[in-house]
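Working notes, structure below.
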Amino acid sequence: MKDSQSISIAFVGSGGAGALTAGNFLLEAACAAGWQGLLTRSVGPQIRGGEAAALVRLATHSIECMPEQFDVLIGIDWLNAQRFGAEIEVGPQSLVIGDPRGGALPPRVAAAGARVVSVPMKDMAKAIPDGRTNMIAFGIAGKLLGLSQDVCSALLAKRLGDKGQAAIEASQAGLQAGYDSLRDLEFNLRLAPPKQSATKRWLVSGNEMTALGAVRGGIRFAAAYPITPATEILEWLAPNLVKAGGALLQAEDELAAINMIIGASYGGTPSLTATSGPGLSLMIEALGLATAAEIPLVIIDVMRGGPSTGIPTKSEQADLNIAVYGCHGDAPHLVLAPQSVGDCLFTTQWAVHLAEALQTPAIVLSDQFIGQARAAIGRPADVAFVGQRRTASDIGSAAGAYRRYAIAGSGVSPMALPGTPGGQYTADGLTHNERGVPTSAASDHEAQLDKRQHKLERFAYGDHWATIEGDGDLAVVTWGSLTGVAREAIGRVNRDGVEASLLAPRLLFPAQPAGLAAALEGKKRVLVVEQSHGGQFHRYLRAHYDLPGVVKVLNRPGPLPIRASEIHRAIMQWRS
Amino acid sequence: MSSVDERLACKPADYKSDIKPIWCPGCGDYHVLMSFTRAFAELGLPPERIVVVSGIGCSSRIPAYTNCYGFHGVHGRSLALGAGLKVTRPDLTVVVASGDGDGYSIGGNHFLHACRRNIDMTYVVMDNHIYGMTKGQPSPTTEPEFDTALSPGGTGLRPFHPLAVALASGANFVARCFSGEPNETASILVEAIRHPGFSFVEILSPCVTFRPDEREWKNLVHRAPVAATSDPARAARRIMTDDGFNLGILYRGDRKPYQPAVGHTSIDLSELEKDFEL
Amino acid sequence: MSNAPTVSSLADLLAVAYQIEADAVERYDLLAGQMETHNNPELTAVFRDLARAEGIHRDEIQRLAGDIDVIAHARRMAKWAHGESPEEADLGAAHYMMTPWHALELALAAEKRALAFFKSVVETATDPHITKMAEEFVEEETDHVNLVYRLMNKYLLPPHSWSEDLDPPIPQD
């Protein structure tokens, strides 16, 4: 029996088999017992009854991506499971558990040379009144990992409490049956004991962290239009904003949603909406309005496969172009990207702070991978970033004295909130002068464009603008959810005796040329890694920065995640 | 200062800005501006407590011509701007201004849902049966036989009936006015603003440049033969025989306005985190 | 006139007469502003002159009223329910290329409406003091009407092409 620092288990099943629930229970039980964990899921296109896979990785250290091959694959049934073939690879070292009555092994699994063990989960479930196959699968997984049955049992009691005693008993019986079923099995992997952690730990999704970060940052109004994979952010906000003294309004479409938050923000309330690519496309016109009229707001874009309707349930990093360049005219605004499930909280909170301070929209580019992944994280520290808008409250009574868009200093002019006597102005998308009166004069247009550009450029963003780690003359430059993947790859490269550094901007716009130049100084090789067919991030880097040395790009569209092993290979193969 | 004294002290001139309108001389919107300022003076509200929100079009230029707070937004989205503002700042009086193109064409969807949502604000649409700002294309209320460059020979389409749509969608107050009667219009605006919930006021406002034929409107408009009703079914029957020139209040409903409670935090933020804890 | 304010006292009549003139001043000033924005300096001057003239009438009525606060009184009761107060020039008849003849045509119509109003007061008033004062206003307005006629005679009728603008309208949004 070998202690492993990391073990990965995938559950697949269809038609109500409950694979996702089994995976979630395993994650929660293991994390409650002290391990680190990450769960992602993959689903077929059906609303109900479709094939589903829960991918769980547990470890003694922090993990941010799925492995190249899974240690264990439990097939509650194999119906349509070939869909997951490329995503859930197994190999000769893997253990595959299937039900003889669950259909034929997917060809890819059968050809992998893995060890296949039969467990008659369906029959075992039938033997239990109201028994479910996925509870048996949960038990099997727990046993394989060396997870205490008591921990799993306690979790069932907690999670199924509202379903009644009979349901709890049936699940406990299923769990027991799963634990019992592998009595004679020799499995040579076991998770090393978890490291004790003093910090409180949370089990969260990126979307939940995004929503909490928004509230911590001061958001008190959200307008919602549902869209996969962002809806969970809005669903968390609906009751919780109310508890915080705010409100959420469901809009009739994204056009209404973005305009509602502009109206609310104009009135003084920090406001937010969350969407995905197609919704962001609809919001672009109003994004320009908010930029021109200098109204703060935050738009969360949980990126998914594109273009157009694309692959709604899969991740991709191809909304960078529209986020940075989407507006007609010159309309620079903030664009940020969280780098992990936990970082969704910090980055969103920071985005609120920046948007309010700079009186401009901020787009936060999350993605389906971190948005919907669930992970155990240490309780995020309280950060001091809260939205604080510069408002004008003491205005002279001289008619027309107040100049909403006065040009001075930092470029941020105090904003009079409606209700403030003497501060009346009309916010406008039309090009305007310092008083906000529409104008077509060249000097006014240029002055206001300068103002809006300068306010972004003159702000001191500090070190949060990017993650910069490591040494050596090769830099891996990436962003968003690939940050953790690259970090894991560099860890492997280091174990091979090679150095490499990581640069991942959190603040994508405005660009930080001085910061990047410092981070890449002396580098001879730059490996750009991104999940975009058109290489949007690479082109963005070329547009805004000078890149040193030789540049290679490792890019691929979704839906398959880029693995740490691929980056590892790319680095090792590129020796100078 | 008591509200009575406030009312006496407020003059329409207090609500006008010094910005000269770009509207063509002869435009009905000059009268509408007059009605706005007279209504605001009658209500006695301080100008800084009123926000005039608009979209794009000639009529949507009105916010800058008042001395209130204003928002000149993008085409068709003024109701959404107003909704977000009012829900988070219920202390403000929100008047949304639009035209027949901005409000009934691109803004049509938001019109339906604003009536449904019944947030306490007043929607004023200056209807001139044409797209004036962009040089004379047909609007949803243009007569089917009216010839334009984009619709030679006329659209042949049945005109949109905004009052019927407002009523069917749940607006709490529905009225029609004529710009050429600024006092009557002002007094209906006062009532519309005072009436809780979503108030819809269509103001027929002739376009002197692209619809010189609308000079006839002053002879076509007429007082509606019956008083306002609070029975939607009755109002619906009246709408069926509306010739588009009936003036007055059609309907006054009693639906409770939508207004979530805002501004009072009931808990410590750390309470929100409990569900995440392992 | 069913929508006219009810005149039950001398104070009422003075207040209404005051308001009629005050409204006329504001209307001509508004039109002058429109003509200025729309680059018609000749008409700007004509409307400013008309505003000035009406201003003199307005001030005379205030003097005539003596101790009565016509402004406050007017604010309370001098309201026309429909349409506009009689001497307000028809805003809808303005045109950015209008000629002085047109402006006077508007003024003439306005004065005639005011005249008709005061005549109706003469006919319907029961209080002889009101009747007497109303008759004086009728005389005044008749003078104004004749003055406008004389002024109009100084101007040629506008040619058929008076509103022809060789430039097309310009969309701004």
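Just so it is clear, A, B and C label the chains in written order, and each chain counts residues from 1 on its own.
By our rule, a residue touches a chain if its C-beta (ideal position, glycine included) is under 8 Å from a C-beta of that chain, and two chains touch if they have at least 3 such contacts.
Just so it is clear, the structure is predicted and the values come from calculations on it, not from any experiment.
Asker: Counting C-beta pairs in contact, which comes out ahead: A-B or B-C?
Answerer: A-B
Asker: Compute per-chain Cα centres, compare each with the mean of all protein Cα atoms, and return the closest chain.
Answerer: Chain nearest the overall C-alpha centroid, as shown: B.
Asker: If we define chain centres by averaging CA atoms, which chain lands farthest from subunit A? Would you check?
Answerer: C
Asker: Quick check: how many Å separate the C-alpha centres of subunit A and subunit C?
Answerer: Going by mean C-alpha positions, subunit A sits 69 Å from subunit C.
Asker: Starting from the mean Cα coordinates of subunit B and subunit C, work out the distance between those two points in Å.
Answerer: Each chain reduced to its C-alpha mean, subunit B and subunit C end up 30 Å apart.
Asker: Where the centres are mean C-alpha positions, what is the separation of subunit A from subunit B, in Å?
Answerer: Taking the average C-alpha coordinate of subunit A and of subunit B, the gap between them is 42 Å.
Asker: Help me check something: in the complex, which residues belonging to subunit B touch subunit A?
Answerer: Where subunit B meets subunit A, its residues are 17-19, 46-49, 51-53, 63-64, 67-74, 76-77, 79-89, 91-92, 109-110, 112-113, 260-267, 269, 271-273, 276-278.
Asker: Which residues of subunit B touch subunit C in their complex?
Answerer: Result: residues 8, 20-22, 24-26, 28, 30-31, 56-57, 60, 75, 133-136, 180-184, 206, 208-210, 215, 218 of subunit B touch subunit C.
Asker: Could you please specify the touching residues of subunit C with respect to subunit B in the complex?
Answerer: Residues 30-31, 33-38, 72, 75, 79-84, 91-96, 98, 168-169, 171-173 of subunit C touch subunit B in their complex.
Asker: Contact residues on subunit A for subunit B in the complex?
Answerer: Residue positions touching the partner: 28, 31-32, 200-204, 208, 212, 215-216, 220-221, 223, 240, 242-247, 249, 251-253, 255-269, 271, 285-286, 289, 293, 376, 379, 399-400, 416, 418-430, 437-438.
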